[in-house]
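Structure, as structure tokens:
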Amino acid sequence: MSHGSIIKIPFGPQHPALKEPVNFLFEVDGETVVNVKPRIGYNHRGIEKAFELRTYTRNIYLAERICGICSDAHTTCYTQAIEELLGVEAPLRARYIRVIIAELERIQSHALWLGLVAHEIGFDTLFMYIWRDRETILDIFEMISGNRIHYAMNTIGGVRRDIHAAMMPKIKKGLDLMEKRVKYYLDVVQTEQTILKRATGVGILKPKDAVDLCAVGPILRASGIKNDVRADDPYAAYNEIPFNVITCDGCDILSRIMVRLEEMLEGVEIARHALDSMPEGVIRVRVPMKVPQGEVVSRVEAPRGELIHYAKSNGTTKPERYKVRSPTLGNIPALCKMLLGGYVADIPIVLAGIDPCFACMDRMAFIDTKKNRKWVLTMPQLRRKYKRKCMQK
Amino acid sequence: MEKENEIVEMLKEFLKENFVKANIPNRRRIFVHIKKDALKDTVKYLVKDLQFKHLSTITGVDLGKKIEVIYHLAYKGSIELSLRLTVSKKNPSVSTITHLIPGAVLYEREVHELLGVNFEGHPDLSPLILPEEWPEGVYPLRKEHELAYLKEITSKKSKREKRN
Amino acid sequence: MHAEITSLLAILVFPGVIFLFVLAFFYEWVDRKFFAKLQNRYGPLHTGAHGILQPLADFLKLLSKEDITPFASDKLIFALAPIFYLALPLTTLFVVPILSQTSLITFEGDLIFVLFTFTLIIMTVFLAGWSSISRFSTIGSIRATLQMLGYEIPMGLVTIGPAIAAKSLSISKIVEWQSLHFWIVFLQPLGFAIFTICLLAELQFVPFDIPEAETEIVAGWRTEFSGRKLAVLRLGKDLELVLASALITSLYLGGPQQFWLIPPIITFLVKTTFAVMLLSLLRAVFARFRIDQMLTGTWKYLLPLATFQVILIQLGFGG
Amino acid sequence: MGLFKWAQTKSPWIIHFNTGGCNGCDIELVAALTPRFDLERFGILLEGSPRHADILVVTGPVTLQVKDRLVRVYEQMPEPKHVIAIGTCAISGAPFNECYNVHGGIDTVLPVDAYVPGCPPKPEAIIDGIVKLIQKTKESEGNGKGK
Amino acid sequence: MALIKEALKQLFRRPATLKYPYEKLNPPEDFRGRPVWNMKKCIGCGLCFKVCPSGAIEMIGKGLEAEINHYVDRCMFCGQCAETCPKNAIRMSEEYELAEFDRSKMLHKYKRDT
């Protein structure tokens, strides 16, 4: 199918489809992608090293700032790990609150994602509607935690703020609204021809590849594999709440959309159940500053998939080693697989399909300098030619 | 905890003298320490026979004189087995597992880049350097590099640019 | 002498250049405002009353900005393309009746001339993008040309419909015929639909904004333009919107007609505003097609439908 | 106030650049564009190409890799241009002080016209920052023409 | 065309927009805005400055004589200081419109009145 020359198209690091700097180099034959080389160190900040230099309390906020969309997942994972090292367990009420916050976060994250996907395919109206409805959840967050994003709810040994009875009606009202709207969007997505045209059969990831390439979260579930940390490895209060693991076997973008939308509905149900069955009691236990020696692996189902933290302590107030693997990094090999053989015009939607969050991923970098050198050098050369010329004085 | 014990027993039997130690700190968590040379066979055994198909990540830890590499494998998403081995810091190398688990490509690169562990047989283990001008042989997550030193590299880079 | 001054004024001021510029700004505002309203928000609000001066502010601001010419670009074409892009729809608007049922300039076959300029506009787009020597602009311009291959022929075919009905290739004659008989939209609804779809593509509106798909290729063929050139390009685009709505009005909605005491210019404005809103509405409720889907779609569905429309007219339906 | 000056205050187009932040500010910036806050009321459009933009909105601490890109994007923008640093880490890089790959605040790289603190700032705070910046340009000297 | 009904419905609905600078919503009760020190209560224990995750708090001097400098440009409004303070001398205010043109204006100094 070769039509002769292979064109190299860079995508990013500053690109309207990406709200974050990342770079993909695509080798394109005609309109077909034949090779993908990601280069995603632009968000690398070196957080893992910083973890070793800060006290456990200060690290909560650093963990939160690994990612702005799934901040609660990161702090839950972090506090769980440290609690396990300390040998304490958060009170049950705190764990219920964690579940509620996690599910609300999942709803807002998926809503955000669906909006962005709509934006990728030029469907701005849908994007605007979804983001308008998403504000409901953000208002709830602002009420509970005092901030729209970065809720700072988790702390070692529990949660910082309680959900009072006075807040219940507003939360429930918000959940009802969300449920109604999500059902509507589910209908829109399945009936709007232009969306179906763009999303069906695009970015195929076969179940076998998904497993081999260690994909996580909704990507894996959209390939028909039942895998959810909440169910398989319950944390917080998930073992006490009944819920379904949503799967879809379309393996394409449409099924990823469906999985996420269904998960939002499921999230509404979980949050409702948790709100109703939340036990009374304290929300946090006091913990010592020093953490005994040990190591722990902590896993959480973030909105984007399995999040895993590894902590090693050395008996001081600072960790010895802290390792974070965010879901997006786990999905990158799968992403490259999905992009191969696809159309150039499908790149943004496929890329958006994994719900990339490079902020999470790039605490560690991986750059293939040698292979990319060709491009890395040509781009500045090209740009140097763009000498600015001021016509106005 | 039955399943966890069972897995440890099976591993013990499979590894024989390559088995160093194992502990089960919590439900669904297993830490197994093995000898370096047995890695390939162990991972193959885990993936093919014990259904540990999902590699969550690979962690590298600097222990001072040695570097520890930990493979976090998941059994059908539930039991997380951390397979640990140590390599010497002078010649940190271990064989790759990418042919068994293709998803390990990026994790191995990451450990290679940040801790300088060499994965033998990795398809594409070209120098993975943080910013383009990051000096070779400086692995930021190794303990011997203080933050001040790393920051100095950072500022040097900016100064050089300013001169240009 | 007097007649010359009047015709000069007609060309330069009303209903000529200045009037058309004002109209262009007005319709951009209508488009943006209506689009925002559909999305449950206000759109421009604080620039003038209800933001009506927003397009003017954008235009003036861009005029005052620094004008950057990329070093690698083909400077001559890069500088000329925006001017052509502005001039083409502007000149074409003179053959469309605005003030009365006859346009400023009219000749037998001006419909063909309009179609011809539509093609030329795309060629200008192609040159503009190509001369920038930037990846995104180049891709954008290639896509614009590819897209033209899709919609140009169906558009040509359906515009023959009104011409056959009115038995003339002159837009003014078509308008005249409609005022004596029916609006052609009632006779050829299919043709109207196809024509609107083609205009969406011509205007590069969603679902056919493929040449300037922001999330794929930044701003497409316009990526490298800044300052004055961008201002001119935007004005050209607005004029194209005026042209499109004016064509819908004159070919299908009866053009500027006199209703009792209402002068034709008012009916023209009402009808064109309606046409702009229709285009806006359509661009709000679709997602973007992929370039190959667009091409196959137009060849597979639009072209046969357009042919079918022509056959219908030949058979005596809607003629 | 000259006509051009008026136009400039009424039509500030923004381009968004994330220099390695956590995404929080980016989301809030996009949220500011959506119906609830609707930045288009002020004539603000989010542009993709730096050539079209007047205000560079930067979020996140400057990581080493992204620094050159940031400068390049800034250089591609036509005069007159402004820079707004959104979020605490864009202002001072503070939460990421101990991270080795972080360069610091935006003002270590580019001249910044307005700072919007918050982690992340509410969309209202972002609007407030942009409106304050517009106010400042309105009051400043000059006829608004580019340099 | 699945959205057309919904889109047309919007024509008869008030926009969801909050006309922000002209109309404001009050932040909720426990909003985390700029922290404010009440120096009458402060005993200068220095816990806030030790615990601050981003080093936004500076303490000059010791005990009751201590002066507190709060750098808004470094603060990430997490509220850990307010939570840690043993005397409840720190309150998270509802102030969020903190945009400035000059970083030097973002330093808030607190000193005990004597």
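For clarity, chains are labelled A, B, C, D and E in written order, and residue numbers in each chain start from 1.
Heads up, the rule we're going with is that a residue touches a chain if its C-beta (ideal position, glycine included) is under 8 Å from a C-beta of that chain, and two chains touch if they have at least 3 such contacts.
As the structure is a computational prediction, the values presented were derived from the model and not from experiment.
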{"item": "Least step count from chain C to chain D, where 1 means the two chains touch", "value": "1"}
{"item": "Those chains which touch chain C and also touch chain B", "value": "A, D"}
{"item": "Chain centre separation in whole Å, for chain E relative to chain B (CA means)", "value": "42"}
{"item": "Geometric centre distance via CA averages, chain E-chain C, whole Å", "value": "50"}
{"item": "Computed distance of Cα centres, chain B from chain A, in Å", "value": "24"}
{"item": "Gap in Å, rounded to a whole number, between the CA centres of chain C and chain A", "value": "42"}
{"item": "Chain B, residues touching no fewer than two other chains", "value": "130-132, 140, 147, 150"}
{"item": "Where chain D touches two or more other chains, by residue", "value": "34-36, 38, 41, 48, 65, 68, 76, 79, 89, 95, 97-98, 100-102, 119, 122, 145-147"}
{"item": "Where chain E touches two or more other chains at once, by residue number", "value": "1-3, 7, 15-17, 19, 53-54, 76-78"}
{"item": "Chain pairs in mutual contact under the definition given at the outset", "value": "A-B, A-C, A-D, A-E, B-D, C-D, C-E, D-E"}
{"item": "In the complex with chain D, residue positions of chain C that touch it", "value": "32, 36, 39-47, 51, 53-54, 56-61, 63-68, 136, 214-215, 218-219, 222-227, 230"}
{"item": "Interfacial residue positions of chain D with respect to chain B in the complex", "value": "64-65, 67-68, 98, 100-103"}
{"item": "Contacting residues of chain A [partner chain E, same complex]", "value": "54, 57-62, 64-65, 125-126, 129, 132, 142-143, 145-147, 150, 152, 160-161, 184, 187-188, 191-193"}
{"item": "Residue ranges of chain D touching chain A (in the complex, touch as defined)", "value": "16-28, 30-31, 34-36, 46, 48, 50, 60-61, 63, 65-66, 68-69, 72-73, 75-76, 79, 89, 95-102, 119-120, 122, 145-147"}
{"item": "Of chain E, residues touching chain A in the complex", "value": "1-3, 6-7, 16, 27-28, 30-32, 51-54, 76-80, 83, 92"}
